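Labels run A, B, C and D following the written order; every chain starts at residue 1.
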Amino acid sequence: MTLTAILEDIADEFRDVSERGVVANYIPPLACVDPTKFGMAVVEADGQIHTVGDADEAFSIQSISKIFGLTLALDAIGDALWTRVRQEPSGSAFNSIVQLESEYGIPRNPFINAGALVVSDVLVSHYGVQEAQQKILDLVRPLTRDAKNIVIDRNVALQEKETGFRNAALVNYMRTYNNIENPIEKTLELYFHQCALTMSCHQLAEVGAYLMTGSWNPITGRQVTSTLHARTIMALMMMCGHYDASGSFAIRVGLPGKSGVGGGILAIAPGVASVAVWSPGLNEYGNSLLGTRALERLVQRTGWSVFNAYHMK
Amino acid sequence: MTLTAILEDIADEFRDVSERGVVANYIPPLACVDPTKFGMAVVEADGQIHTVGDADEAFSIQSISKIFGLTLALDAIGDALWTRVRQEPSGSAFNSIVQLESEYGIPRNPFINAGALVVSDVLVSHYGVQEAQQKILDLVRPLTRDAKNIVIDRNVALQEKETGFRNAALVNYMRTYNNIENPIEKTLELYFHQCALTMSCHQLAEVGAYLMTGSWNPITGRQVTSTLHARTIMALMMMCGHYDASGSFAIRVGLPGKSGVGGGILAIAPGVASVAVWSPGLNEYGNSLLGTRALERLVQRTGWSVFNAYHMK
Amino acid sequence: MTLTAILEDIADEFRDVSERGVVANYIPPLACVDPTKFGMAVVEADGQIHTVGDADEAFSIQSISKIFGLTLALDAIGDALWTRVRQEPSGSAFNSIVQLESEYGIPRNPFINAGALVVSDVLVSHYGVQEAQQKILDLVRPLTRDAKNIVIDRNVALQEKETGFRNAALVNYMRTYNNIENPIEKTLELYFHQCALTMSCHQLAEVGAYLMTGSWNPITGRQVTSTLHARTIMALMMMCGHYDASGSFAIRVGLPGKSGVGGGILAIAPGVASVAVWSPGLNEYGNSLLGTRALERLVQRTGWSVFNAYHMK
Amino acid sequence: MTLTAILEDIADEFRDVSERGVVANYIPPLACVDPTKFGMAVVEADGQIHTVGDADEAFSIQSISKIFGLTLALDAIGDALWTRVRQEPSGSAFNSIVQLESEYGIPRNPFINAGALVVSDVLVSHYGVQEAQQKILDLVRPLTRDAKNIVIDRNVALQEKETGFRNAALVNYMRTYNNIENPIEKTLELYFHQCALTMSCHQLAEVGAYLMTGSWNPITGRQVTSTLHARTIMALMMMCGHYDASGSFAIRVGLPGKSGVGGGILAIAPGVASVAVWSPGLNEYGNSLLGTRALERLVQRTGWSVFNAYHMK
């Protein structure tokens, strides 16, 4: 069965499911999204793309953008990053402040909010707020066949800021440990703008494909980062990409993945495929409910889990 | 270069290293082990084995045995296990009791001490203390070409018990949440005996090879568990196999692995290889210092990281 | 109005109250107590006693006994006790184990379970299990006009032991930090027997009267402890005597007090009165619901709060 | 011996002590204070005042000002305050954020930073930032014979703000639980200005004397608050006035007291005396080292501990 047929099967299976989770509602632009949306896109190692459903509709990728911020920060300062953020799962909710108190303001990993804020702070120090936003767009846009609608949604960023007291608490708190270098509001500004990045599943699967290959984009041939950084990012996606449900995702899906509160997930089958899925309803851990189930089904059908002995065939 | 040559290179590299970590010293049988010991063994998918150094010397595999206890418990009660222990990294030290208080006596995963004690309790309920110990031996012995010296070291078990107040605290504590079914001392007895399992790197790589294939032993052809269970166990090894250094291990080595305080590590390259390494000195996280570095080197040389795009070649 | 009349007023007020809290039900001997029981006794500075209701009925004083264990331990080893247990409120539930992990096995104060277990361990070291029990009886019995029914209820102690997994967890856990000197089961045995001490409000008010005077029993003239120890014990009762509702008790009642899960409370108005109250139903914090309210009313009527400027009159 | 003679004895005793603790150094205006300063003032129930040493030199009273903020807030909204801040000791450092996460943004008491920030927020809601500052001055100034130098030090407030990231974190964090009603910066502004209140020991003992009497100032006869509020404030001072050393202070001194990082302490002997002491060096818990010892000595000499049976004499 072709990959396209598998994707269509999956979309069919979930079309009439009523239990779709709860759409994020802390800001209107997210709360208003139609919960029945469902899209999926797969880029294979040869650059071929397969899509289904609402794969061409742009959505707010939110925390998935932390992958791109981390890519830029590693390219900017390399291993020096690891003096300011660790590489371990947190065992806590994505926005917990507790661990910072006992661990001297050093976040557990770059994918929980505190860690992503440190990454933003690194980029503000290196590039400034405005240029860093441009850097993110300059990183992702050339990696797609069509970058139309890949934008930073200023309205989303603004509304994130207006309700972002917890992130403000995290930055202020890390500042007391000298783990924030820039004025609080600048670091937050970049963070909120990065998270407001908007694109479609189609585009996201293409943009993320440099992780699948280990460094370069299979559509354009463009080198994006080093193999070492790509591998590090995928390991962290595996360990911490789904907050406090990362272990369950590793068992059920078995691929490095990163979810966002907008309902998107990017998952990578190293050497094989870059997969993006979008369904706005979230499960209790804040990850796309149907998105996770769709990836689980895809891996069952394709055998793409990294824990699969498929190389023996 | 052949695998044997690579192993010899690695053994050569570490032979005269002076920084070898600290040998566990909480019980004499561990404290007395010669810190200069170093052994490594690799079983390939076709059952071929390569060894170097002290690969045939028996050592106390300690927490690596949690893999085998988990295998038996999953085969005994299946998914019912997950009502009593979760599947997430803990973000805490291996013997922490804190998380149990906020999470109602349900341990984070089967590889931290609390979780492994629940697994032992499951086996005591299912088999009784004596038969469960026999079950463990019956599981591992037939998976090796030569099972000589694969024993449960009663002296180690006894001394573990005499100093095992923290594990006794964990069991008592979980009992208050009704997450321990048997008398405290029985569950502890099985746990201490399981951890006292003794074998060599050579044997450990052979025993663990059923994870590499996804369910069966490549030497004997014997079916050991289901593919689903093998994959679940490997996912948990990846997420939680090295305590609070699991993320770092995922980045540096990129294989599911499980360490023991005796200085051993079992790592699996799915479909490719089962690797055992032994060097008694531990790093600050309680994992073998040179063992971890040896696996890092092996993966650099072979490209076996699951995050590697090696399938593209 | 005379003190006896005030007590009768209070008993009248609470006689038909339907909201009486929940009787402790973790062991049958406590669960079976009639929730409508209510007794109160006040010993004045001159030794005069006033009682009302079920003031002569014996009940299980439970944690109130920690006052007497602490008195004996301070007399046995003095300030050396404070190297093993601190003097601060815990900010946690009475049976929390969390703080022990971050504070190296040193409990916050002698009135939370962990701290009282350390006190028991001190007494076992000093006297042995059997003699320590006798010491407790020898301390309290001579302080009353009639010591009949002041016993250690062996059945209560036994049943506490059978369900006492959390206390067993605490002792084992502190043992890992070398803050328990004796075999786990011995320290627990004394603890459970001390908590099984049985007496009436009448007797409890008389026994506790040495705190009111600052060291000696006003009925017998017998010297019980030093003024320094009496003052230390009262300060700790004020700070930690009502678990996680000690602050609320200080505001509402304003006297050093100690509650027990059997529904008793001993409160001391320094230089003025020793007060015992008993009503088996507990509030959400594990303190006697009506007992607390009765003390609040008594203090409103007498002006006995230590924060009252009554000395100015 | 007269009270003045006792104060002089105490001042003599500490004059040449070399171990004086460490002066707070997070902002220059505090860091620059001469560590050899020592002053003490006692106002008796009849309004008579006794002073020694640098009792007339103004210093930054810092957290002692939380008493006056709390007095105003209770007078403004009464018991409604207790829905936003609790009445229990925290068992944590004064600036801990951990408890807020598990307790839904409700601080433990009004004397830890988080709780005092809620009190400030109440005052901003009720009065506005500017008027609330004036209210504080209007509360304290008329309570002294000479209010000269009782000011809010704008320079201190400004520098607090510039380094106050942890307090900003606390306010932002509580805001996520809707426990802050005003713009972050306004609540912080009042908090920093309140803490910048400056006065002498002489003045502080006079200002605080309304607690001793239970509501009115013994010098002017002026009613300040209700007896209920005065008693509540003193109970909270006893339970939480010295951060994580409140228990030790209760044992050693036995009076409700409140310390400030500027090295001052206000302690109240209900019905007897209002005592202010100032020595800038702090102990490991952030309380004045010699100030605590001076109060301990004073209580030894006068018998003023509330746990003392002095009423019997």
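In this section, a residue touches a chain if its C-beta (ideal position, glycine included) is under 8 Å from a C-beta of that chain, and two chains touch if they have at least 3 such contacts.
Molecules present, by chain and UniProt name: A, B, C, D = Glutaminase.
Because the structure is a prediction, the values reported are computed rather than measured.
Listed here as common contacts of subunit B and subunit C: no chain. Each chain gets a centre from the mean of its Cα atoms; for subunit A and subunit D, those two points are 48 Å apart.
With centres defined as mean CA coordinates, subunit D is found 56 Å away from subunit B. Separating the centre of subunit C from that of subunit D, both taken as means of CA atoms, is a distance of 32 Å. Counting partner chains per residue, subunit D has residues 102 touching two or more of them.
Across the whole structure, chains are in contact as follows: A-B, A-D, B-C, C-D.
Residue ranges on subunit B touching subunit A, taken from their complex, read 45, 86-92, 99, 108-109, 212-214, 230-232, 234-236, 238-240, 244-248, 250-251, 254, 256, 270-272, 305-312.
Taken in their complex, subunit A has these residues touching subunit D: 96-98, 100-102, 165-166, 168-173, 175-176, 184.
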